[in-house]
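Shared chain: subunit A. Partners: subunit B in the first complex, subunit C in the second.
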Partner chain A sequence: MLGSLWLKRAFITLGGAAFLWVQSPELIHVVTLALFVLSGYGVALLLARRPSTGLLAAYIIALTAAFVILKRYEFLNLVGGDTFLAHALDLIGLSFIFFRQIHYVVDVKQGEIKQLPLWGYLNYQLNPFTLLAGPIQRYQRFHEDWQTLTPKPADAHELRMTYLRILIGVVKVAFIADFCFWFATTPPEAAGALGQRLILFYFFPLYVYFNFAGYCDIVIAAASLFGIRVPENFDRPYLARNMIDFWTRWHRTLSFWIRDYVFTPLYMAIARVKPQWSGNLAFVCYFVALFLAGVWHGATWNFVVFGVLNGAGVAAAKLWENIIVARAGRKGLRTYLANKPIRWLAAFATIHFVCVTQVFLRPGSEDNVVAAWRALLDLVARVGGG
Partner chain B sequence: MFVEAKEQGKGGLAAWFDARARSRPALFTAGLVLLAAAVTIGLLFKTDAAIILYQGF
Partner chain C sequence: MSALLDDVTAVIRTVFGDDEITLTPTTSADEVDGWDSLMHLNVIIALEKRFKVRFSTAEISELKEEGKNIGSLLDVIAAKQGSAP
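This part shows the complex of A and B:
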């Protein structure tokens, strides 16, 4: 039994190493990635011996700075010109490693993670199921699975359902998402200019959904065959009734991470220092949390706009809820939420708002954002000068 | 079986499909094999492999 477990672990480790080797063109990439990942383990060992808020804060700041430089965020231009952007390091899966690493050190410091085996940690960070694009797994659950690696399908029926899920995932990624992207980017001429814009407006979000949800279907089902439970990442997001609801259905593991490691600590800190502000500043916390989630998606300016829109969307949803409670009370809110026509109208409005935000996820949208920004500055300069 | 699927958190269409698939394992397996074949052929046609195979024939 133990031998079998060792073999399974070795298989997953070798699979991850081979995947990394293929994806990392030069030794410098592997070394940088190893330093990035092992720094988290080293700090976790120190925090396990002596929990220190100062050390944790210093490490998270240093790690975030390293992440921002390695990802070559364009806003670095504002502080250091091309100095920070000159490197050519493209590390695979860095965005997700970054989130898992912060979760790991914070939870070790808080005593939520007690056992710190290096082999388990490296596989948690670098296993091929979640390395590339998540979902963002929590270490505690991975560690539990890593002890036995018992395949999750309990009988022949569940095994068949798992294979079916992998096939459905392939269909979503390779056929439906590809079709949506092709249709969105090369709409028929007969549709006319407005029709082509509408096709792009609706089909690009469909492409994003099917591409990512299909990928998640594949990795969740495949990982379960190896005894690893990867959390679900989607729950019919385009049926959401507002932007808060949307982010609990879309890329759920990212939303829950943001809630646990950005929103809650920020809100608690404000509530501790200025309890009288906490009610109003909840909106600010919602905005900051979702703004950061948006910015994390990419290094160019269009993702900043994506973050601002999402931050504004969730803050507005919370504000609207508060207005209803203030006017009609909790009972009134329940009646409002139970109203079917309002529910579908809200879903209709939400999906269109989401489509607007995803305009800024399109390839090439960074050029449009920069052009719009320059035009705005030009206009301001002209108004100021004239 | 339907209740079991519901207890596992599957609702509506998913529960209905799960119950049907569980009660007809042979049919489900056959469907799965057909789907796998269709996906493989579809993937081949999406890639150069299909063109190479076609030209080879």
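This part shows the complex of A and C:
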């Protein structure tokens, strides 16, 4: 479809630059974003030369502080009044840049990333397919793809399926998600007060799912046409049987990132030093990991509640499993998991718990995907409208 | 390789508290009852202690991915010990 490797690379780079230009036209935005992204590259170069745990820890703390301030997290009020919140910097895609950057410096320090070309790093961070709302991919895989940018569809059939997936993504976003949002926010008066609340309760989560899953369909398929493998982000999440299962099916790349860079180091640090504590503290680790995943979704207090509910849901799922194993053994757990009525009852309960958590994701509170769509529409409007 | 497999099997049996676990290079984590994300970390910690090695974050994550198996684990340990599997 496209000519040489360099043409494709230029196209991808310009695409990312176009998003950034539309969203952050002021010099102060460009400089702040450049400092944020390039600090990761600079520290990675140092870590490649001398893998210092102290430097890595200090950098992650500093980067997290910068991220929290740039995103204007409301809890900063508690520590510094309005001091940290009195700025007008809104950087596009910062949440996902932050995740990729931590992954990058940790993996460089641990010797898992050995080649550090600046151009590849910048495109990993800023390419238009994953800049706005993920999915979060590993640098190693991106680097491998970036060398050749060979389109992934192997034959005409796969190519047709890829275009079909883009179309399905558009339908999910432009029709199904839009309808769910409209229906959730303007339910018919005939439904009555209770009916209207129920419509909002069930249809808002459907909107969130179709909006984000559709977006992922489009970027995953489009990126594959350009030779970039972007990982899957959803696996039928509303069939999950508990909250642990849910987070392995919903926004999977975020869950895996949280598992690898929050849960794993936290749990292993405890288990290496105090193995006798690890069993009980595992629940705390589950809670902390999912609490942070929840809080990351937005800067306002409602997201803290969202985080607490998700942390509690995941810890409770693990506790429930342990109770079954303690009472009936692993064989008993197998029988429990194989029981069809229990399976559907568990899925029913999980869906409802998820709907409760998503009450705290409602309009009025900024969401990353909504922000990403706004950015995309903005770009289309500018390009189309001149 | 088979000596390493025996050693790894012994470690994993201790972690799971199950002496009947039998592993081959093609066994995947999904085939071992109870090998979830938390158990995976317990296995890694026990292997680190037994073989005096350290696994990176990326290695820990990849070893749990689809398509990876005990053979992949043996390869990583053997590479860390500086000998061919």
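One rule holds for everything that comes next: the second predicted complex is superposed on the first by the 360 of 386 C-alpha atoms of A that agree within 3 Å, B and C clash if a C-alpha of one lies under 4 Å from a C-alpha of the other, contacts with A are read in each partner's own complex, and residues count from 1 in each chain.
Everything that follows uses one rule, which is that a residue touches a chain if its C-beta (ideal position, glycine included) is under 8 Å from a C-beta of that chain, and two chains touch if they have at least 3 such contacts.
Keep in mind it's a predicted model, so treat the numbers as computed, not measured.
K.L.:
Identify which of subunit B and subunit C touches the larger number of residues of subunit A.
P.N.:
Tallying touched residues of subunit A, the top partner is C.
K.L.:
Looking at the overlay, does A:Pro51 come into contact with subunit B only (first), subunit C only (second), both, or neither?
P.N.:
Neither partner.
K.L.:
On the A-aligned overlay, A:Pro117 touches which partner chain: subunit B = first, subunit C = second, or both, or neither?
P.N.:
neither
K.L.:
A:Ala156 in the overlay: touching subunit B, subunit C, both, or neither? Say first, second, both or neither.
P.N.:
Touch status of A:Ala156: first partner only.
K.L.:
First (subunit B), second (subunit C), both or neither: which does A:Asp107 touch?
P.N.:
After superposing on A, A:Asp107 lies in contact with subunit C but is clear of subunit B.
K.L.:
Between subunit B (first) and subunit C (second), which, if any, makes contact with A:Lys318: first, second, both or neither?
P.N.:
second
K.L.:
Under the stated touch criterion, which partner chain does A:Pro188 make contact with: subunit B (first), subunit C (second), both, or neither?
P.N.:
Neither partner.
K.L.:
Just to be sure I read the superposition right, which of the two partners does A:Gly332 touch: subunit B = first, subunit C = second, or both, or neither?
P.N.:
Neither: A:Gly332 stays clear of subunit B and subunit C.
K.L.:
Subunit B touches which residues of subunit A in the complex?
P.N.:
156-157, 160-161, 163-164, 167, 170-171, 174-175, 178
K.L.:
Help me check something: in the complex, which residues belonging to subunit C touch subunit A?
P.N.:
33-34, 37-38, 41-42, 44-45, 48, 56-61
K.L.:
Inside the complex, what are the residues of subunit B that reach subunit A?
P.N.:
Its residues touching subunit A are 18, 21-22, 25, 28-29, 32, 35-36, 39, 42-43, 46.
K.L.:
Which part of subunit A faces subunit C closely enough to touch in the complex?
P.N.:
So the residues of subunit A touching subunit C come out as 106-107, 110-112, 138, 140, 256, 259-261, 263-265, 267-268, 271-272, 275, 278, 282, 318, 325, 330, 333-334.
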